[in-house]
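To keep things simple, chains are lettered A, B, C and D as they appear, and every chain counts its residues starting from 1.
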Amino acid sequence: MFKTALLAASALALLSSPALAESIKIGFVTTLTTGGSVIGEDMRRSVELALINMNLKMGDLDVEVIYGDDEFNPQKGRQVTERLVKQQDVDIVAGYIWSNVLLASANVVLDADKILISSNAGPSQLAGKGCNPNFFNVSWQNDQTPMAMGEVLNQKGVENLYVIAPNYAAGKNMVAGVERTFKGNIVGKDMTAWPDQLDWAAELSKVKAANPDGVFIFYPARHGPAFIKQYQQAGLFGQIPLYSVFTLDSISLPRFQEAKMEGVLGTIMTQFWAPDLDNEQNNRFVADYRAKYGTYPAFYGAQAYDTMFLIKSAVEQLGTKIHDVDAFRAAIAKADFPSVRGDFAFGNNQFPIQNFYSREVVADADGNWTTSIRDLVLEKNQDPYAAECAM
Amino acid sequence: MTEPLLAIRALSKSFGGIAAADNIELDILPGEIHAVIGPNGAGKTTLINLLSGLLPADAGTVHFNGVNITKSSAPARCRRGLARSFQITSIFRDVSALDNVALAIQAAAGHSFRLWRPARTDPALRDPAFALLEQVGLANRANIRAGNLAHGEQRQLEIAMVLATGPKLLLLDEPMAGMGTEESERLITFLAGLKAKYTMLLIEHDMDAVFALADRITVLVYGRVIATGTPSEIRANTDVRRAYLGEDEAVA
Amino acid sequence: MNYVLLAEQFLNGIQLGLLLFLLSAGLTLVFGIMDLVNLAHGSLYMIGAFFAATFTALTGSFLIGVLLALPATLVVGIVVEIVVLRTLYARNHLDHVLATFGLILFFNELVRVVWGPAGMSIPLPAALDVSVSLLFGITYPIYRIVIILVSLAVAVGLYFLISRTRIGMLIRAGASNRTMAGALGVNIPRLFTLIFGLGAALAGLAGMMIAPVTQASIGMGEQILIFAFVVIVIGGIGSIRGALVGALLIGIIDTMGRSFLDVLLLVVISPAAAETAGPALSSMMIYILMALVLAIRPQGLFPPRGRQ
Amino acid sequence: MTQTSKSQRPQNLWARLRDSRTSVSLLLLAIAAATPLAAPALGQSFYVDVIARIMIWAIAATSLNLILGYGGMVSFGHAVYLGIGAYAMGIMATEGITNGFIQWPLALLLCGFFALIFGAISLRTKGVYFIMITLAFGQMLFFLGISVERYGSDDGLLIFTRSEFDLGFAELDLSNGTTLYYVIWASLIGCIYLSHRIVNSRFGMVLRGAMSNETRMQAIGVPTYRYRLAAFVIAGMMAGLAGLLSANFERFISPDMMNWPRSGELIVMIVLGGMGTLFGPVLGSVAFLMLSELLSTWTEKWHLIFGPFLILVVLFARGGLAGMLERLNPRSDP
């Protein structure tokens, strides 16, 4: 009994012997189970694509990506992060879809003096006072996209707006963002249970009664199609324009097409990126993704793809010295990599400074529904919390 | 006349329109063994359930030792000295016979908000419990799991538990049910021996036992008392013979 | 007060309530007659939705999809009953909770493996995908009216099944006294399988009805399951009438809470506080209602006769 | 008949160790005690955290076992007391109260208070109604936690300062991982010992008697309600301790701690380990958490295996792991 225990212990010790300098271990936390895994799948596919495109090498180092599943739950996300940092001893942690998961997990990575890159979540808490030299964001700060939407609403002459969003960190940021730039009145606001509420009958009746000029929503993942479907069934489509952020994307559009909801064609939203954003890196990414997986990538995937190339650029600068955190950090901060969004630069709080566009739901040449860039709404925009960051 | 130990007045209970106890008037005198007999479904067990507080009465009063206990809970009645056995043996099957009686002793010894000292090694509980097991003749079975005792032994155990609560009045619901002749006879002797110390209300189908033990007998039919009297009075009562013993033709 | 809004929200409440009734009816029968706590009832709701989505996609017709999905869910229910649950009847509630908790995990993952994580939507015929004007300026989604009508029809059908047929007589007997049903010489195992299958089909039907609104998605059964439990506990376990009353009560209270609570709270507290307290209180309301009902009537509103 | 038959023989240590349940459990606790010393040497410091987390759950499971395993009260909302303990600590830490001598007693009292209120109402009901009403109370606080923005609402609450125990001459420093680890270890031992005393005391006898035959208990004059309620309160406070430890250990709390699946998992641990046995909850939480850890690293589809596993446990492993271990014992006197 004792002997077996000893054997097992030494076997474990062998397994986790410290990484040799010729490889880099990247921990990637995302949602791989539950309904949230549609997004995680898009991210994982893009990471795999990036790895293939870089021949599994960053500079001279082999790349190993270890995925962690947050199960759509902050507590579990924190635990899986802990495992990546403490047990797998990864060199860098990336990923994170959900703001609340990221907020719960961030200090596990940061306390261990490792680099953390968020590939999607951009909560205000980490952009402002809580900014951290070891924390980078490769997507956007939550407020920015709805701020761009607020501008669009102003341009369209919307005066009375009804706001519906889920009641969690990102939902609150999205509402705060649109309130920041929108100049008219908010005539109604409903924050709904997340992620449990999938039926908005009561809220839609209130919208009908309030009769606003527009409705602003934020419903990522599987919630988007459900909401929009009910919006149509309530007879609001074509009556009250729907303005959304992070709701219609390459993940949900095939669902709409399946459900034959022609009404979403022509819908306007704001975003920093679209599959048809024209630059070399993006064209290659979208073409490879479509060739391999048969659908358009979503912005989640685009960000994950960027994350991998950002890390690659830093590793190439450092060679085998990746264990020098200060050098690693400085190399990442340069952001010297080809981004799917064209130019890319970090601000003082290490969130991107970037353009936001309006984009429209269209059918491509083959009849597949996708989104297409229309106008530039915010140019080289930095998030409003950067000023609070002391870095 | 002696003050009754238990005075039942106009006690009624019905289930969905069927009267199980209909205006029952009954006095149990101190020191007597009072048997209640009647055909199946006459409401005998209902009566005991009403008296022990297991069922709330619809109407009427019950006085015990001069105190109105009509609204008292079952535990409160027990602590006043009204202890019962069940027609279907009710014991703690998973623990030993001794544990069963010790628990009853503990219940009688005041509150049980004692959370630290082990109860199973407490002589204040074990010794009197063992003495009671000896009294009912189960001393050599003390450490057997109660559920593994023979049926008759379980009935004896239940009586030991009833006695452990320090009662004044025993409500015995068919104590001989399911016992062999020999066992029954032993129990009859045992109960007769208790007569000096306890008043008893006895429900029993075994007429030999009833006539051997009872000082007075009450006959219950359809929830109603049709007669009360000494064994010989009851034997002679034509109403009883007709209604209970079903001897209409024979008497006529 | 906007009466049109009030009326619409009332309809929304009725619709949610009737949907809950479909789910609760089976649950309360299984609970009341077999004394089985089935946490996996929500999984059957989910499976019904996915079956309907699949068959609708294959046949192109929602109606045919539902007609095929109903027997399919029934079969799944019967298989689950025979393979897993049958051995559990003799066990205590704890074992039921544990085993059916395991079933939930299993079914959620199975659905993810079979249908993928994204869920499925069900396209409705264009005629059903719009709103219609009712009286007094009320407009209401046609499809939700369909849900109301179908659920009402099922409720009436159940009423006849239970009060007018031999099976119904056995079910009633079972709900009030299990041993009596046994004494009547009924084939108890077959009756149980039948009741469970019926409950499964009803749960599946609820899932099918709601899928065109919310999509079929993984885990859709869990939240609604808790609602259904609240319904049957409030109504009294084993009572179909209780389930109907409880479901309507919960549906209306939940909807009204979501619609008007924040406005009502404004009367007593500040707008900022109302904005956060509103959603919380409306989520808590059904649980508060249940605690109140049980505190006053520990057996629910309509405890079946003869059970203590 | 000798005196010894009246009171259960006080077992000597050797006799107790022969009981495989006890020996395996003590072995586990000893391994837990040695882990912070051994694991870093083996390069496995991660397992220190895994075991600490398991021990916290074991405390919570032990508390539930007290009312469920020994009292027959199937509380389907027990995780809520974990949440109350954790949130009491989190809220005080957020408001600047970091003194553990204030935090801990207040948190435990609060748990006791809630358990008293919830228990007083719930215990009026029986069976499934009890399961459901405890669930309802759990969900109420879950939604309350979701809605209080100041304390993180849905997103949870980060705790920046652990409880500070300044004894004047020395300080118990919980920010030291090893110290915290041994505090958790000692708490677990303490809770197991406390439940051992309780379930064997007069109070425990009443609790167990009321589970096995409530009518009989009432008929021998014991008003069972108040004893059940007291046990409910004790269990709530013990779970609150687990919550306090969890808040200090994870430094992150979220309403999800109170959501009903967490209560379900607690029940699973107890049944898996063996309900109504002293070490069952420990065995169960080790098995449950280790198994989910192992399976989830092996495949994302681990629920596909874990679900049927639970069903098999219910169907075939009666008495849980403790029961299986007991069957390993050499046959002793009947």
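Going forward, contacts are C-beta pairs under 8 Å (C-beta built on N, C-alpha and C of every residue); 3 or more make two chains touch, one makes a residue touch a chain.
Everything quoted here is computed from the prediction, not taken from an experiment.
Listed here as common contacts of chain A and chain D: C. Taking each chain's centre as the mean of its CA atoms, B is the chain most distant from chain A. Separation between the centroids of chain C and chain D, computed from CA atoms only, is 33 Å. Centre-to-centre separation between chain B and chain D, using Cα means, comes to 43 Å. With each centre defined as the average position of its C-alpha atoms, the distance from chain B to chain C rounds to 48 Å. Note on chain placement: the centre of chain A and the centre of chain B lie 75 Å apart, centres being C-alpha means. In chain B, there is no position where the chain touches two or more neighbouring chains simultaneously. In chain D, 146-147, 153, 303 are the positions where the chain touches two or more neighbouring chains simultaneously. For chain C, the set of residues that touch two or more other chains comprises 108-109, 112, 279, 283. Across the whole structure, chains are in contact as follows: A-C, A-D, B-D, C-D. Residues 1, 5-8, 10, 197-198, 200-206, 208-209, 212-213, 215-224, 227, 230 of chain D are the ones touching chain B in the complex. Chain A meets chain C in the complex at residues 33-35, 37-38, 41, 167, 189-193, 196, 198-199, 201-203, 205-206, 208-209, 222, 225-226, 229-230, 232-235, 251, 255-256, 258-261. Those residues of chain C whose C-beta lies close enough to touch chain D in the complex are 31, 37, 39, 84, 87-88, 91, 93-95, 97-99, 101-110, 112-113, 222, 226, 229-230, 233, 237, 276-277, 279-281, 283-284, 287-288, 290-291, 294-295, 298-300.
Those residues of chain C lying in contact with chain A across their complex are 2, 4-5, 8-9, 12, 15-16, 57, 108-109, 112, 117-124, 129-131, 139, 141-144, 210, 212-215, 217-220, 223, 255, 258-259, 275, 279, 283.
Of all residues in chain B, those touching chain D in their complex are 52-54, 73-76, 78-79, 83-84, 86, 90-95, 98-99, 102-104, 106-108, 112-123, 125-127, 129-130, 139-140, 142-143, 161, 164-165.
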